[in-house]
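One structure is given below, encoded as structure tokens.
As written, the chains take the letters A, B and C, and residue 1 is the first residue of each chain.
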Amino acid sequence: MKDPKALLGVLRDAIGLGVTALSGAGDDAVLSVEQASIRRALEVLKAQGFNVLVDLTCVDYLGYGKDERPAPPSHPYLPQRWASPPKPPHRFKLVYRLLDLDAASGLERGRITVALWVFDERGGPSVRDLWPNADWLEREVWDLFGIGFTGRGDLRRILLYPEFVGHPLRKDYPIDRRQPLIGPKEAPRPEEGGDLRPAP
Amino acid sequence: MKKSFLLNMGPSHPAMHGVIRLVLELDGERVLGAEAEIGYLHRGFEKQAENDVWNNVIPYTDRLNYVSPLLNNVGYCLAVEKLMKLELPERCQVLRTIACELSRITDHLTCVGASAMELGAFTPFLYLMKAREELYFCIDRLTGARVTTSYTRIGGVKADMPPDFPERVVAAFRVLRESVKDTEALLTRNRIFVDRLKGVGVLDKETALAYGVTGPLLRSAGVPYDVRRARPYLVYDRLDFEVPVGTTGDNLDRYLVRLAEIEQSLRIVEQCFDRLPPGPVAVPDAQLLDAGLMADLGKRGKTGHIFDARAGTDPVLEGSGEAEKPLIAADQPDSVLPPKEEVYNSIEGLMRHFEIVMPSRGIVPPPGEAYAAVEGGNGELGFHVVSDGRSRPWRVRVRPPCFFNMAVLHKLLVGSTVADVVATFGSINMIAGELDR
Amino acid sequence: MSSFWVDALWSAVKVLGAVGFGMGLAGILSWVERKQSALLQDRIGANRADILGYRLLGLFHMLADPIKLLVKEDFVPPQGQRFWHDLAPGLSLACATLCLAALPFGDSFELFGRSWSLRPLPMGAGVVFVLASLSVGVHGIAMAGWSSASAYSLLGGLRGAAQMISYEVAMLSILAAPLFLYGTLDLAEAVRWQARTLWGFLPAWGLLLQPLAFLLFLTAGAAETKRAPFDLPEGEAEIVGYFVEYSGMKFAMFMTTDFVESVVLAGLTTALFLGGWHLPGLGLLGLPQPLFALAGVGVFAAKVVAVLWLLMQIRWTLPRFRYDQLLALGWKGLLPLSLLNFAATAWVVWGWTR
């Protein structure tokens, strides 16, 4: 079992104060990393043996903790109301979930989650050369959140159609927004040189 | 100079596995490259989950992997319960395990049946569909619906199982074992079938791990990774089952692994029935009243009649009496529905019931985030939930196993023929609901 | 009446009878397919079509389906070529029906002082005629594939053509052995050769004398007529085949071709391996000659139906071959085996006749 504190030590050696915090314990430990050192941190973690990128996702914290409704008076029989959570440092948080899997025994040697706070669309460096499934995962983050990834070409939508306007999982995208209508298109004809491949 | 041409296996195509588009670059019949275009069934699950209370997200999870809905239900609820640090009673956990395994069996039956049919073996498909019908009947008895089950609730399950459920399931398993035996007789040593699948769509361990592939695809490649073994949840650490592992990672291994997993799931369910904690214990001196009648009397103000009565709830309707409630839900008053005696007898119970059920209220987990993974039909199905302390989720992220299986598809297809594309694609068990959410 | 008109009338009767037999069986086959598959798969099968409330086990579907297909729109893809698109199913069906002419339905019999043959077209080399007609049928497939302007149907058409051509070679090579044994290319003569008995009680059918050739021939014939498990060119649920752009009656003609070719294959198998119209104990009934010959027709029909039943069973049991495995089976499996069989047969015959 990989100890998160040991990993924190290794990362501190590699990138110094680029890793800002460690929270959680055991399999749910989360290392927060700065945008400038995320690539190095992930390379170090891959070298430490984390061979599987389980998930790469994003959370939009716009408006987090702002409760528009006043809190009702607490009552012994009503669901508890919680105090407002702390305000997050930036708007977007990229979450990289890594797993160290022993291929021979099928047991997990450790899990770690790396959280990267980004404040705009510049996102982070692409890691698709470290873990190939990051290709599709980064395209999905771009598609739904608008967070870009540098160091890779071919950043296009994956779940939504190319003419979609906006990035729907952002908190400022209302759930009932209507998209502009697009009419039917001529199907590309391969025999006349048309390209069947999905458009960027 | 070889000129390749592009063939479009478009979103609507006869190979029945949901909407997806494959653009194949062909040289005659050989596939030189493939690209998948997904997203045709994107319905905005994650956005919708931010717009509805925590318990109301559960019907949306049904529609994710729609051939194994109970697994999605359980996965989501486990994540939220982890966030809320709820402890589930033993009977509830065993019921959830039974539900998970029944769903897993239906998932594998559908996959094997559909891919057999695509290869031209029409009869085994129908045998497996007959077996699946028996299971759907059982699931219907347990949850109230065949496919859109919504069985779990945060903090428990919807209701206890009906009293004749174990016998019904045992009878269904008899039919199932026979159908699977017939299918194996028709397919497993059938030279034509084996030739179609052997050596096709080979996925090696390194590629599988690099792409984050889990589930039967990874196990057929030789890595015995099963979330039920590696990170046990519910009662899996106390059950005795094997994890079938393949060797070469080709289509045939995937077929064999899935068939073996069906048998293991049957074993798990039988063990669960053995170790099921006893059902609700009747309070001897309380009068048994039908819950609807109790509600009626309560509305008419005749609370004296219902003060000492025990609510007789139908086992498959939502909500429970005081006797059943400790068995099926966690002991957390503000997160699970109160028993009917309290609801109809006291104002506090009524208030609590409505606070949990009303769409603008609902249960409220503490701020924070949690990730829980279950072993879905296709691999590690993870749910990452973020809460801000309000009645609606802040973010629900599904880690869909099909997504990663599809991401590696283009590597499996290179070098095969067009006929193999259908076989390989069928063996991946792509479910569009889970892939696109 | 002059002999010419009698001959012409009798030929017309035979031709109509043969075509009626072929088409009728093809129609019944469509019903059998549904019901037999339903029996195998533990379900009921099509049973809804009824006339005046009588369902008759779903037999009226044989009537309902052609009516439905006749009233459908005749659709030719906009980039396709209409002439070839229309011609292809007709050509396929014509060639398949033509093969029926060579099948020996019964023995010749004497009546009113002249001999009446029960073959629609008496010819000295029936086998060659059947195989040649099937070869021309390949054109229909290729035409269908080319004229529907679709990559899928093109691939399917080429696949189908290549498959049929390979298995024609295999078929002829397989038939070399039994024909060598019978010493004739004439189907009626082959049947008469099988009418003798071995060791007093066993009929000298090709099934017993040439078991390997029988199995190989059924396999090659099923592949030639693109029946399962060799129906890759038309594998509908999988990789759509050459008739994806066909609808209505033209599609029905392709399906009928499938069934008529099955009847032809069954007829050929019966004639060459199952003794044709010959039944060991039929002579004991002591029927007069003409009735005996007509009873032979009944025996032939029964045997054809038995072979068709077997083909149907195989269809619903086995999955499909992949294309390269299919061709490998034909060229690397059936062809060498048939040559070995021929060599063995020749050696045995030489040893026997010494």
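As a convention for this text, a residue touches a chain if its C-beta (ideal position, glycine included) is under 8 Å from a C-beta of that chain, and two chains touch if they have at least 3 such contacts.
Note that this is a predicted model, so its numbers are computed, not measured.
Graph distance from subunit A to subunit C, where chains that touch are one step apart, equals 2. Pairs B-C and A-B differ in how many C-beta pairs touch across them, and the larger number is found at A-B.
Note: centroid distance subunit A to subunit C, computed from Cα atoms, is 63 Å.
The distance from the centre of subunit B to the centre of subunit C, each centre being the mean of the chain's C-alpha atoms, comes to 49 Å. Taking the mean of the C-alpha atoms as each chain's centre, subunit A and subunit B sit 25 Å apart.
Multi-chain contact residues of subunit B, defined as those touching 2 or more other chains: 5. Listing the residues of subunit A that touch subunit B in their complex gives 27-28, 51-55, 57, 59-60, 64-65, 67, 76-85, 95, 97, 101, 103-108, 113, 131-133, 135-136, 144, 157-161, 168-169, 175, 190, 195-198. Subunit C contributes residues 37, 40-43, 151-152, 155, 228-229, 231-232, 235-240, 316-325 to its touches with subunit B in the complex.
The touching residues of subunit B, counted against subunit A in their complex, run 5-6, 8, 21, 23, 35, 37-39, 42, 44, 46-48, 50-51, 205, 209-212, 222-226, 229-231, 243, 245, 333-335, 348-349, 351-352, 355-356, 361-364, 366-371, 380, 382, 384, 386, 388-391, 394-395, 397, 399, 403-404, 407-408, 436-437.
By the touch criterion stated above, subunit B contacts subunit C in their complex at residues 5, 7, 14-16, 29, 116-123, 126-127, 130, 186-187, 190, 192-193, 195-196, 417-423.
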